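Given below, in the form of structure tokens, are the structures.
Shared chain: subunit A. Partners: subunit B in the first complex, subunit C in the second.
Right after this comes the complex of A and B.
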């Protein structure tokens, strides 16, 4: 059966199409994952709803409330955005590590989080930035903290009549540093383990931290925040020993899969290694700059 | 079906294709431009790489309809059909083509890179070609050809 293409002129038309078709149609963003899924006969939608023409899903807006990133921004655009580099540097750093140049040229931030493929690079960074998903359906809107957005392998809270419109991030606290580290067999692969850390210095003593946020991908059915590790680091002084202990705590918070690329035990071990490294790199950034840039 | 108006290698063409036809299929099956190769068809190998408004993309995962109003460039646009262009000549001189299946994609990815960064370092070349696999050459001759281009050879 031929798949139809619906090209809505604006968000309202797209939401109307979403309501009309629900499970029978899928929105297409960059198409980098969806067209592969269709080609592999994993999904066979009767129609695609093209998100490209929709103005409301584009652009990066900065206000006193924070930074609002349209769902249709490509990894290429995230990398090239000076304001993202300044405000939430860990996001473009993660975007630079997504797959290949061609995929980064077209794959979008919205598609990356909605697809929720294990080992994707943007979710850990967005989790560590406390990002929220601005979601619309025809009748109403809702905002979902990203920590509650992912529900299982390739699954999210999105209902079949909804569209993810924007990713919203509050301005990180002054002096915060952000790091994203990816562990993969080849840099273009999905991460076996991806760790993002945002560290907020207490501004009093070297290594002293007011707050730490850690996002981990590839190591559980969903990308997650390492809540217990974060709690243990509140008010701590970040040195080699606290970073090592934090890594070990983080390894107890994940539930890694085993696949041909890596066994669960190995992934768990790598979580402890990469959480430690990420924390120490963030601490170094803070020390070197006198301040960081999350 | 949709009637697409595309601009390929500077030429306007009109072509009928299914609504959600892939750019690779339109180029190869409807326009008889077989330079872009069919490999994995899942965005992994890069032998289908073409440029759309200058950017390297894997044409197996691009909707053709999205390319209306944009400039599509394929390997057929290199040189003039009789003479190779400088990048193609350097590929030849450095032995960057063995079976040749990756070649058109490599050339298009390299063009996109060189346009943005006319004298790339080896690391930048590797990053620029990270979406393109070669099963024959071991990559070194390909990187050498692109580095030579950057040096103005």
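Right after this comes the complex of A and C.
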């Protein structure tokens, strides 16, 4: 099996290579999923476009508009970034739970999102943070809300001549709390169910919430936002009973797969358990600190 | 036994440890030969199908490629227990993964390309996937006729011809029906064990070189001599021209006992006239090598009101898949099925059945885990019903010195009570704990291997006074090598560093039955001890002539010949060996063990004629935290106490216990090969979960030492039992917290939750 490695010097060269090869080449970031798939002969690209040398895909930038995370940031870099910890804490929390140390050292946020493997840890957190994907092709650029980015099982909106360059996140509302809970047999596994919740307090009464955003992974062909659950919680007071009811609503919003790790029914039940737990944990965070850290 | 040994009982770190962890050790997949080709195997995609035709012409047209099918290899059946297998499928395939053809080429890609050019025309046949289904009248036959059995595993073979039932055995003592009728309480429960995989790190790898009229095979095997006999017979050449050399083995666990790649590699080498190497992919390991032999076990137990076990009736139904390698565990159940309990009336029956699935074979514990899950789960059910403490119920009924065991032998050298008491203490049995934390116990035993379990050893002195051990047993990672060196060093008066070892090469090392069934420390260890004693005797003979002191007054100590009667004597071994090698004869000690009459020190006259010493006993205890909402079981602590007779090397003993416990943890909680119409759907470590370092709890290994007179320095085997009792102990802990009894392995969160919900429904909640 011959496979050519293309090492573009910058983003323009990479985009040119994408345009030239389209379906025949795959971009490689950390390689933590792609190389395994190639070894198992699930994919056999004629060429790999190495994104490693591209400066434009690196770094974390903070501006008044929000936070912009280069697609080549590794999980390790997300975990180590003080600004992410401060601004969008739920993301490094989720990054910490990705697979093993070795994978976190090499695997990137862009790769994690583009691979779109059910049970990946970063998508639920990014969904709950209202993240957007900044996508480029040679001729133009577009911005896709992450909620529209994932289209199917291992599929995204990304076209074969495009590259995901950055993940952009608006500053979360003041005092918001963020929680990510992963349900897995071993911490190194993909999540049977992963739930991220960002809870924005209303600042008026204990448990009162202005807004709740819930991202769920592993419980449908794509990671998703629990829209009906979120709507039901708008303006509610988050207590044990509302959290329980929210969990039950969320369980009706998913479409879980059955695989060797767990059956669909079990996953659905776990959505209900972990949505409830995540909401209560976020509420506790707000109550204890007077505010949260999303 | 006085404990004044120099080397025995001291923690010796294995000398090959550094090369193993630094990647320098040469395992099966690392071996190469000049001009070597790579072999790949085309496997059946169907569980049961007639082969109408195989077209290999296109594949053979590729340059440099050799392609073979059943037509190109000897038309002989083979198999260690039942001869029910051929190198390639003939006429029909019986499981997804069965070899149909093979190709050898200068690289793996070309070999795979050749396989892709082979077309096989199959006609699908109805298939059977469960033992219960397969045992029914009129079920499709996996083997149209049963092959001949080899007596090595079987005193008597009892198949049901014209069915899928390969063997039925039963063991009967007393009047079971009457005893059940008399019992105050009778418990009857059915348990299911799942099929797990051995999950050794090193995949199967074989390199075969057929040159002129001799064949050399490098392979990772637990039994090189049996393998040589089989290959020589299969290819009709004398054993003198079939040499099997063991590579370093990266884990065996029973999965590298029977032949796998060797017959195909030899056949490819014979046809291509080049050395051919085959390495299994991990997916092949999961789908085509073998797993454990799962069983459904029904246990009926009668007890009196005071908690005395009086009678047991146990029925095993084993699913061996497409080949009868499940025969050893199914036969062992006769002896081990009852566990270490005193029961007067006993009936054990065992049925082994073919199905259209990848074979089950031997796996660490050899049928004991399947039975123990049933027995040790039911013991807690009995305790609950009688209102007794499970610890007390076990203490009341376990075997003690002098009792009669399940196979009518008098029990000797048993440290089981001490094991049980020590794990209970270690786990904090009876002490307060949070409501979501449970504790569970198990007691377990395994009978000694009985069929021709013979080992032999050479111990020779080198010219510089150091020594060399040669044994035919396989080092499979368990640390046999260091223990054998310790035994020789102890006897010879050498430091352990001055003893080297070579093992498992049919061209150079003496005969050994191999590494299985916790037998090497006991049998090979005794052979080494006897060989070392022989070498020491020969050394002192030469020394005696040199110093003119009677041999009986001489001793070997600290690399010198000394004499209590002549304190001034201090003759270095080196000088004796200079003389031996130049003027007398090199010193070669010889030892064998395990044959008839090798157990003269039997303390009991009552034993049957075929008595073999060396039962293994252990007790295990777990403490687990259970999440009622998710069904997740987090094991926090495990204590595992083993009656090892004598701990020859405490580091190795701890390693064996900890390794076995971890494997038992996977077996208990998560591991299972999952099938869909005979096809395995989780053939990777992504989807087949073995414990990772992050779920391994604190493990406390405990060695109890009740010496066995027949073992080397009193030692018994330690390799297997630690896997056995973890599943029932965890099941018992789950019951303590949730009040539900899980009767099917693994104790997966989904199952735990289902059990909780069924209970809730039963209780009308």
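By definition in this document, the second predicted complex is superposed on the first by the 293 of 294 C-alpha atoms of A that agree within 3 Å, B and C clash if a C-alpha of one lies under 4 Å from a C-alpha of the other, contacts with A are read in each partner's own complex, and residues count from 1 in each chain.
Keep this in mind: a residue touches a chain if its C-beta (ideal position, glycine included) is under 8 Å from a C-beta of that chain, and two chains touch if they have at least 3 such contacts.
All values reported here derive from a predicted model rather than from experimental measurement.
In the superposition on chain A, A:237 makes contact with neither subunit B nor subunit C.
Within the superposed three-chain model, A:32 lies in touch with subunit B and out of touch with subunit C [touch as defined at top]. When the two complexes are overlaid on their common chain A, residue A:188 makes contact with subunit B and with subunit C alike. Of the two partner chains placed by the overlay, neither subunit B nor subunit C lies in contact with A:245. Applying the stated contact rule after C-alpha superposition, one finds that A:56 touches neither subunit B nor subunit C. In the overlay built on the shared chain, the residue A:269 is in contact with subunit C alone; subunit B does not reach it. Within the superposed three-chain model, A:79 lies out of touch with both subunit B and subunit C [touch as defined at top]. By the touch criterion defined above, A:105 lies against subunit B but remains apart from subunit C after alignment on the C-alpha atoms of chain A.
In the superposition on the C-alpha atoms of chain A, the part of subunit A touched by subunit B in one complex and by subunit C in the other spans residues 40, 187-188.
On the side of subunit A, the complex with subunit B involves touching residues 2-5, 7, 28, 31-32, 35-36, 39-40, 48, 50, 52, 76, 99-103, 105-106, 187-188. Residues 2, 18-20, 22, 41-43, 46, 49, 55-58, 60-63, 65-66, 109, 112-113, 127-132 of subunit B are the ones that touch subunit A when the two sit in their complex.
Subunit A meets subunit C in the complex at residues 1, 40, 183, 185-190, 259-263, 266, 269-270, 273.
Those residues of subunit C that touch subunit A in the complex are listed here as 109, 283, 629-632, 669-670, 674, 681-682, 684, 686-689, 691-692, 694-695, 749-750, 753.
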